[in-house]
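Each structure below appears as structure tokens.
After this come two complexes, each holding chain A, first together with chain B and then together with chain C.
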Partner chain A sequence: MKVVFLFLLLCITTVRFAQTGNIDFNSPNNIKKFADYLYCDDDYFRAAIEYERLADINRSDTIEFKIALSYSYIKDYYSAIQKFSGIINSSVYFNEAKLEEMKVNFLINDFAGLRSYFKNSFIAVVNKYQTEGEKLFNFSYLFTDDELPSKDEFLLPFDVNEEEKISSFYDWKKEPPYKKGTLAGIMSAVIPGSGKIYAGETGDGIVSFLTTTVFAFIAYDNFKAGHTTRAWIWTSVAALFYAGNVYGSVAAAQVHNAKITFEFNDGLNVYLNKKNYYITKYEFCD
Partner chain B sequence: MIKIFFIIVLLFTGFVLPQTNQLKQVGDKAGWVKWEKADTRYEKPSEFRHREYSFDTENVSGFIAKSTANAYWYFISDLDGDNCPYRPSCSSFFVQASKETNIVQGTLMFFDRFTRDFNIYKRHEHYPRVKDGHYYDPVSLYTLDENQIDYIPPSVTVTK
Partner chain C sequence: MNFVINRKHIATTILLISSASFAQNSFDAQFNFAKKLYSNENYFDTVTELKRLLFFDEKGEFNYEANMLIGKSYKQGAKFSDAIRYLTLAEINAINIDELYNTRIEIIRINILRRTTRRAINLLDILETDERFTDRSDEIKYWRGWAYMFADDWEQAAQTFAEIDTTHVLKALAEEVDDDLYSVSFAKTISYIIPGAGQIYTGEYISGLLSLGWNVLWGYLTINAFVSERIFDGIVIANFLWLRFYRGNLQNAENFAQEKNMVISNRALNYLQFEYDGLKP
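Moving on, here comes the complex of A and B:
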């Protein structure tokens, strides 16, 4: 009987004191708490949804800015740009929003858009982060084939401690260590495989040299032995390997150039990420 | 008395909360899924056993290359096995190269690929891999059209 009583008591208290009893999860304060929790837990997608709900009820500069940031972090750049550009001049995050907008332009590789935005809008309306904006503006030249400004002008906004690194990026862009396809082709025409070695493919170059010379020697040996038909077959094989080696050397130079361009851009992205695109970290989650 | 009470509770919860509660009849089939040993296959999927022998090409270069590749597949490759370390395989590379360029350029590209196939030194540092472990070496890198080159670093696993 005692057990039955305790069991019933447990059931009653569970129902009576259930957590959901008196909490309004949809109150603005609780939505904000939940959205803040999601934001700080890096769940930006759901944070944006919750902040958007809140923005309809209780707009604030911080909420508007965090919505835009959330979209940027989840790579919904279209929505991010819309939200950042919608942040008004009187907002406490106005300057940050403009700089974030430049970052988004960077992330979508819209370098022409970034430059025109910087010249036509950023300089005129933003009264903080001018140097940061200029750094991003200059960096955009390293990602395109447009003519670079002079080195002194390019290095001007950067601090002394990063000047050396930026200078090396500039020099690379000015004179990238590309290989010439025509030269690679000519080299391989003279000495099979040498063009591939020049293009950085040493192993392929040696193999090209061996295949071409071995088949040419077999052809020569057959001619010497008087096996004319076999000799012509091997001559054809040697000629095809030779022509393939010349063609492949030109292609290898092009692939090499694509590879170093990729690695250069990758290096720039890593550097910019490390610098957080010259944007100071926000202290929303401390 | 206590025992009877617990039996009633047990029966009650048993009826109210059975796991199968949500299963519905779908057409003629019951929603039951028999829980049993899965029929797992441990074979490595290999596309080379499913050759496409048809001639779907519209140009002469593609037709010549496809005929050569078909003959090679039928008489040699299907018996010899999947030995090419690259994707597309050398014969498929030849067909694709001839279709995208012409038979002369396609042949040169093929002989270049064939030479690279001989080189077993440090391939893993040069080519990304596809999921089944083959090296990814597409035709687009070698057409001499720089705009077509989409460089993929070796550290990446290609899913296309």
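Moving on, here comes the complex of A and C:
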């Protein structure tokens, strides 16, 4: 009897200890717990892998959505789109997934895809976030050279407090403050350096004017003094600087245009990031 | 009666042993699994499994070893900032002087590798002034020597290795590299005196001769213009052409010396990476 009692005690204690000291690290529940921890520790790649280890039966809508989000956060946009588009209609995150899909289209600069997705799918199947989707749809026009919708139509989905900013983006896109390369070239052909000043390179313009005119004057002075050979050498130097000044002016206009386009796109991206692409923050880690 | 007591003792002993061993089993197994992944150079999975271990290890029994190994795995994947983060956690959880020292040295080695050598040298200074580590001064000097090599200060590196052993193989290497390096200031100075000389000193003979030629030409034309009392011509040639080429010659000499030095340093570091058998960062 005593032996039986001791054997039972041994088993009970072992089991009790096993519960505190022995863990099945790979049980579905523990995989989920660990994946949640990784997700909140911003280790999204590992989180996605851990979530994906769970069998379909153990995956909730939240997990499916978090897998897609994880891929999006690590910039694996191909997998992210696949996962977002795989989120089914009955999921509680269906609407969010569709909006996230639009965001991914934005991040991969697939504006044509974004617009077609919005028109053909988003409007029809999503019953929330229509305004947010429309905002992203309109924003996509600011990144491309496609014809803009009318201003009223463009501003329609935006709130009153952001109308001013969006309106300024629209105006910039409609009439960008570009400098004409041809005009810069012609200006510099007439008055050396003036094209560069027109393109915003004032210092360079003044230097161009000085160098070209000084070398031209030396050439003229040498011709006048009868030093023909020397005069032709200086004429060549002046011609070289003159040609460089014309070419440089055209290039300066192109650089100016590229710079302001870059700054404009950068401003749009900063604005959209600040607005989180019109997506509300999820509270998975609070 | 005696017989019963003996059986009780035996049973109790079995109970205690089995309980104690079960309590550690799954965590030890997980840690050993991670170590195996590490030895198989599967660093990504090593990190995952160790993070899993740490997540479930509520008692914090593996805080030092697991964080240390995560740090080392991240280091192998060249994720140096992550490596330092986990090594710092290991340092916090170190329970004896050896563990503390090892984590600090690991952090220093990573700082050397990612060329934040000033930070590495600061950490080495702290270790050197710590009385607990006075018996490890040679090892501290060794890593200081490496830090100087990665900071391109080969002369200091040679001196540091010489403090360990005057016949140290890395001392000889550092001295050799230091001898091979071009003096940037010397290259510039001789180009001030004779245009092109700095380039010739760094072995760029054609560039040096071209530089000399241009400077002689524009210098001659400038002087000629002044001698012929064409003052305006002289000023313009001197300002727009001669000075321009003269200044270019100085910059060229400096750039060549720096580029050549970089090639020499990189060749030495390459040798250390692939040929040197001793401990490396």
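By definition in this document, the second predicted complex is superposed on the first by the 262 of 286 C-alpha atoms of A that agree within 3 Å, B and C clash if a C-alpha of one lies under 4 Å from a C-alpha of the other, contacts with A are read in each partner's own complex, and residues count from 1 in each chain.
Note that in this section a residue touches a chain if its C-beta (ideal position, glycine included) is under 8 Å from a C-beta of that chain, and two chains touch if they have at least 3 such contacts.
Because the structure is a prediction, the values reported are computed rather than measured.
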Partner chain in contact with A:E132 - chain B first, chain C second, else both or neither: neither
Contacts of A:E64 with chain B and chain C, given as first, second, both or neither: neither
Touching partner for A:F34 - first (chain B), second (chain C), both, neither: second
Partner chain(s) touched by A:S208 [first = chain B, second = chain C, both, neither]: first
First, second, both or neither for A:A251, with chain B first and chain C second: first
Chain B versus chain C as contact partner of A:E101, first or second or both or neither: neither
First (chain B), second (chain C), both or neither touched by A:F25: second
Where chain A meets both chain C and chain B, residue numbers: 3, 211
Footprint of chain A on chain B - complex, ascending: 1-2, 5, 105, 107-112, 114-116, 118-119, 121-122, 126, 141-142, 144, 146, 149-151, 153
List of chain C residues in touch with chain A within their complex: 4, 7-8, 11-12, 14-15, 18-20, 22-27, 30, 47-48, 51-53, 55-56, 232-233, 236, 240
Complex interface listing, chain A residues touching chain C: 2-3, 6-7, 9-10, 13-14, 17-18, 20-25, 30, 33-34, 37-38, 43, 46, 49-50, 211, 214-215, 218, 221
Residues of chain A touching chain B in the complex: 1, 3-4, 181, 201, 203-204, 206-208, 211, 240-241, 243-245, 247-248, 250-251, 254-255, 257-259, 261-263, 266
